[in-house]
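There are two complexes below, and they share chain A, which is joined by chain B in the first and by chain C in the second.
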Partner chain A sequence: MADLDEDAINNSTTGGAHADIDLSDETQDFRMLNNLSFLDTANLSLPKRGEKDFEPNPTVFQADILSASRQAMHNALAYPRLHHPKNLLIGVYAPNGPAPPAISKSLDTVAEEAPAEKAAEKAAPVSIGAQVPADACVYVTKAKGPFFKSLGQADRWSRVWLLPEEALYLLERGTLDIRWPRCAVGDGDEDDIEDSGLPMSLQAAYACLMGRGGLTMERYSVFTGLRRLGYAVLRAPGWSESDEEKVSQAAAQSVARQGPGLAGIFSRFMGWLCDGAPTTAVGPVAGLGFHHSYDRIYRKLSLIPFYDPVTSASPSPQPRLPYAVVWHVYKPSTSFRKSAPPDPDFKIAVINARTTTIPTVSQIWTLLESTPLNPPRPNSQLYVRLKNGYRNVILAVVDQGVVSYLKIADAAFGKEKLYAQRPSGGNKNRGPPRHKFKKR
Partner chain B sequence: MNSSPDLPIPISYIAGNYFVFSVDAATFLRREHHICGVLAGTLPQVPQQNVFTGLPLELMPEEARLLVEKGVGCIVDEVNFQKQGMKSLMEEDRKKYLKELESQGLESKQLQIRRKERLREEYLKKKNEKAAAKAKKAEEKQDTSAAPSGEDSVFLFDDRQPSTSPSHVSSRRSSVLGASDAMGITPAISHPLLPQQPPAEHHLPLPEVPSSYPLFAHLHSKGYFLSPGLRFGCQYMAYPGDPLRFHSHFLAVAAEWDEQLDLMTIISGGRLGTGVKKGFLIGGADKSRDDSGVAGSNVRAFSIEWAGM
Partner chain C sequence: MASQFSFNAASAQEQQPIPTKPRPQRHQRPDYRHIHRFPLPLTVRPLPPLIPHNPISVISVLLSYLTYFIAPPHHAIHSAYFDSNTSSVHVTDEKTIRALWEMGFFGKGSLSRSEPTWIEQEKKRRGLLGGVTLDEVTRQRRAERRDLKLQRARSEKLIIEQRLQAEAAAREGRTIPDPQANLSAARATNGIATTAEKLSLRKAKEAKILEAQQLAQRDREDAGKTVQSSTTEDNHPTEPTVSGPDIIEGMTITNEEHLQLSNEEAFFLVYGLGALHIFDQDHQTVLSPTFLLRKLCHHSYSPPRDSSTDLKTDDPFLVSYVVYHHFRSLGWVVRSGVKFGVDYLLYNRGPVFSHAEFAVVVIPSYDHPYWSETDERKTECAAKQARSWWWFHCVNRVQGQVQKTLVVCYVEIPPPTQDLGATSASLDIGALLSRYSVRELIIRRWIPNRSRD
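Right after this comes the complex of A and B.
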């Protein structure tokens, strides 16, 4: 992730050893949770890494600490999901996907709509709003609160439809109360998705929503992990194999955008002018004649052709799951409109570590090719440019609920002409920082 | 917390994963059977962070299998159980359940009101004390000017009035609480609406496990707490005690008994382990030896450490 990387580089010089440690890497002592003051939001900061012991010993002291830790964990896990009656948010589960409300059918017939339109509606009963995805299965009638800025899609009756992961996440964090529909509890007929008044438990919600429409636990773990950190996360076109047409459309767009351009042609022409014909067969590699600058010599010496990510525009095969982008992630700061989402800040492919092997080069290649060209900012530092690459994608490798993120970038080492870089005034601190390896 | 739930504990099988939803079951498995799982959910009280996560508890297939083999757990096809259980609900049961939820909601509402009032009382008390101290100071300092101290006393009086009557207020308010004031509750588990022990028709056979299961069972039987280890570059992390309080000692990787190992595997594993102050542990089951029906009893494990010569 580009910005995080930058921050890490900037902090590594100033921050201490703690800056490198990700607290969520390991199980933390739940007693730390007691220290967090929930009411005081001004100085809400996460706890420091807790002190752990090396190995168990039979002392009462250690046993006491352990049982206190477990008690704290138990208390934290037992915390109920409560909804104040004033801002109770109610969703209803629709097991058969989006459907128009029961009342509206009768309302429509009463209303002054043309009979032709009515007939059309009967023919296509799912036409409840262009934006509502077919995988949506929970609707909220009175949607309010900040979450609906980046979650859900409204239909014609101003009900907001949530995808399974969105509904489950909102329920899990104690924001939404999902109700069983009347058809699931034995009342009414099969299409009756009116509120039965029975709240769904967390257990029931997992049973009903997990596995729906391609939602696996791995994908969901990535979704909630990022949502908890404040990112907006949307499904990408590559979500399921049947969405391949959409992917190819998106790819076609990106190909159209990324042609070599005027500047590219010009620079190639200039290169041809400067270099002249390669005459390495006879004489010195750098060529005969006058050399006025080192740059010229270096340019002559660069005999081996290098790979340029910008110019490769050959259409590639479609990425196949699991090595396909399934989540588009947006930074919290972006002004985000869910009706017309901007280009994502990060693209994530989710991989189940238990069932997937290490990708082949061609798999990684098609995955990278499916993302739009994202050249690094030219005025950024050398290493930031290399890390960002010309295309990048993030692999989220999920091992039984534990997510590791790997960033894969199409770096262009050949394009970074080191000889063309001027030394920056001899101030060593301002040069590119040395890479620091994480030590644990 | 020290309650032990009824055995076997139902382990929900949903879309290829194994979950435990009950708090008591989760802490019981951790305490008595050294099964930690991975907390996969969001904590509703602190939802915007990833350091502390909440229920459900996601179990590895190995963990689920071990529990079933020990007779502590049973695998339940949760999707079908929920669907059929909800369909066959009785009208009275539903009403009873809703009433129960409502009374719980009222109770928690009252609790909240009481807590708020206590906080208010404490705050007012502190404020009064401060004001009194200030007034005293002011009096001591300038006994001639009567105006400021007089003002203080006026404030004091105003503050004191509500602080003397909160008990009265709370009793009145809690008695007025109606059904519409009840807090809505999203329960964590479906019990008591559905039976705690699902009928046998919803039980599933033993979970399928990877070939590393014997090593898992072996290390578990030696008292280690195991967790998924890909983040640290191995199959399992082995902790000497509860991961809440102890760092892990070993990065465990399973191998077949007759498997040819590249020396580089051992070297890189050893380096990896030493780099994070842990031992690299490699082990596998000797299939020629009788395992007497208990998984993991024929396993040998070796730990490799970098010697600082």
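Right after this comes the complex of A and C.
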């Protein structure tokens, strides 16, 4: 009777229960790709997924479907992908990071500004624009298209500087063409990062950009995966441990522990009067003699200290990599400005599954405490409150390119006294909800 | 109780030749709210309400105190015994079994899946009881499900066979090896071919559904009879030799089943509630909570440690008991989660009311500075708390499949103290337990595809 749960097998038709089924994990019936037209941009529509059989059978019919599906896949892959000359973006690789353009050095027509700028360059070589990150290494002179809504940072000369992951992502999706700078092809001096006209291969781009400024393959897989799904992804302050401007601590919410109050003192006195001395040394904890209510028994039973996410806001140490937030993720629907990004919708820490084990208490709680407090709404249901937790963060566990996302929330079970809840709620039939679930 | 069901669908169907409603009528559920109205095996006597400015209420409170003082209410303490061969606690007294199960869902029937219902099953099997036990309901449901699956497989197989035949016929008709021609044709006019194929696929699907419905209907019509006959065969495999119910009626069936308490449950009942006395194997001496704690800690290793060994703060029993006590003290009904690959399942009020929503995995945590004092201790502790991501995903995916939420419960292990020694006479259990602390994490999969809005 107690183990009816065994039968509670997930059924995709029950609705609401299928949050865990991810179609992208499955092999597709690729015949849907036949209906995609790459040229006809007027009526683009999302392809429909096909049906599939679960086992092979000897019919020619099935074999035909399979080969047609395979063929459709091949057709789709063999389709020549072309840069439309109108949309082609040209970026130039700057091996030494952001630098001012050569124009300001060579052309004396801007004589009034140039000396001042030169002096500034000498003093601080990256003073080319407040927003340009030091890790940026590819710049685009004529930035256009929708991507720059959430990618890159412009400098004073309206060149858009791209971080290595952003440049690689645009290169991989065929939007960007990266050129070697003149200095790299032995044409011009060391600082010359003007376009040499020589395109960089994908392999060369990986060799140059991967590993630059803390960009690991794991971080890059998470970045591209989420970008392709439409999210805007930005580096978080915890990107590298040397970063001094650190995670903006969630405004330390002064949550003073509430005193018991007069009524509390009175009830405590009454409790003391009724219960006598606690007998926790040898038990029974519930006390000998007679009991007045179950609530009181439960209150006496609570011996084990638990972690309270609200009150124990001690000044926590900075999160240490890899258990630190490295990506801020914004939903596609979020109105987003590059210059002043809002609070992220999701915070993601990237973890290599092969080199780490699951986090220890200090690792995971330092990580959680670096995120803002997001307490559950007090009037929501018990399960919702528990599942919401007080802080949450997403771990992206990467095993050689395969990413598994886990949402971690600290639930304070100890703060939700189940015994004090009203016994009513859902399930009016008062039976195990066995008929909700049916075995397939 | 389970025996009070009136589930006579089978016999009803026998009498009615064509039931208008093919589904067997649902059996009456016992009133679980009444049976399990006490959350713990302790009796509670509420005091009359005390209203400070009303002297009558004060008097009534005093009066009730006085009556309790003069005639103290009988305090039922149950008894069980510890079996050191199996390292488990057994309850054999019928009343105790019922009480422990009904008030707080403690223990498990040794011959049942969960609630001790063996005796009812047995009586039913021998035809002494008219009702149906829950285990039987489950069994029947499973049988039905299996039949349904077999039937589906059959109809699918039929379709494949028909298709094979049609294909063979087509091949003979043309004498040209068909598949290649088909393939090349498909290649040549890929788009058209696939749409046609899709159509045929849909048609096949519709036909399949129709056929299945027809089959199901036909089956349902005579399901009553077949199921009836098959179940009777199953239930009385040895009946012909025993010959008739006359002999059986005279027999009294002794209950061979006992309730087995998990060690955490037993210790909670003894130490937490004081509702149970656990006797040693000789059924003579009652084990004191302190002695019981040491014993259970030693028995949490396999083979059990010698009773002269010192306790350790990270003895498996202590760690799991801390979690058990924590969740019990919050009002959850905590039961073993081994069937789901976790340590505990948390039920709200009890397993008969709803499915468990949370599945708890216990992980010891060695964060106290004591554990990282020496390098040797550090590596040892790191090994004890390390779990691979593969293990973790395994557990998490299983919980998703059975619609539970995974809770990782970290137990902070305190450094050892003097009174844990084997020779130490005084062991303050309450103080020991309060040096542990627990933190819970809720883990769910995050699916970026579905979080986009």
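Points worth noting:
Just so we're on the same page, the second predicted complex is superposed on the first by the 244 of 440 C-alpha atoms of A that agree within 3 Å, B and C clash if a C-alpha of one lies under 4 Å from a C-alpha of the other, contacts with A are read in each partner's own complex, and residues count from 1 in each chain.
Rule of thumb we're sticking to: a residue touches a chain if its C-beta (ideal position, glycine included) is under 8 Å from a C-beta of that chain, and two chains touch if they have at least 3 such contacts.
This one's a predicted model, so the numbers in the text were calculated from it and none came from an experiment.
In the superposition on chain A, A:T357 makes contact with chain C only, while chain B stays out of contact range.
Of the two partner chains, chain B and chain C are each touched by A:G230. Once chain A of one complex is fitted onto chain A of the other, the partner contacts of A:E369 are absent, as it touches neither chain B nor chain C. Using the contact criterion defined above for the overlaid structures, shared-chain residue A:S221 touches chain B, although it does not reach chain C.
Look at A:V185: by the touch rule set out above, it reaches chain B but stays clear of chain C.
In the superposed model, A:D135 lies in contact with neither chain B nor chain C. In the superposition on chain A, A:Y79 makes contact with chain B only, while chain C stays out of contact range.
When the two complexes are superposed, the chain touching more residues of chain A, out of chain B and chain C, is C.
By the document's definition of touching, of the two partners only chain C reaches A:Y298; chain B does not. In the superposed model, A:S201 lies in contact with chain B only, and not with chain C. Shared contact residues of chain A, touching chain B in one structure and chain C in the other: 23-24, 65, 71, 225, 229-230, 353, 397, 399, 404, 439. For chain C in complex with chain A, the residues that touch the partner chain are 2, 29, 32-33, 38-40, 42-47, 50, 68, 72-73, 75, 105, 108, 113-115, 117, 134-135, 138, 141, 145, 160, 163-164, 167, 178-179, 182-183, 186-187, 190-191, 193-194, 197-198, 201, 205, 270-275, 288-290, 322, 325-332, 335, 339-340, 345, 348-358, 363, 365, 367, 385-390, 392-393, 396-397, 400-405, 407, 410, 412, 428-431, 433-434, 436-453.
Contacts from chain A toward chain B in the complex involve residues 23-30, 32-33, 36, 38, 46-47, 52-56, 62, 65-66, 69-71, 73-74, 76-85, 88, 169, 171-175, 177-178, 180, 184-186, 197-204, 206-208, 210-211, 215-217, 221, 224-225, 228-230, 353-354, 397, 399-402, 404, 439-440.
Here chain A touches chain C in the complex through residues 1-10, 17, 19-20, 22-24, 31, 34-35, 50-51, 57-61, 63-65, 67-68, 71-72, 75, 225-226, 229-231, 270, 274, 278, 280-294, 297-298, 301-307, 331-333, 346, 351, 353, 356-358, 360-362, 364-365, 383, 386-387, 389, 394, 397, 399, 404-414, 416-421, 423, 426-427, 429-433, 437, 439, going by the rule given at the top.
Against chain A, the residues of chain B that register as touching in their complex are 1, 12, 14-17, 19, 21, 23, 26-27, 30-31, 36-52, 54-56, 58, 60, 78-79, 81-83, 86-89, 94, 97-98, 101, 105, 108, 180-190, 193, 210, 227-231, 240-247, 249, 275-277.
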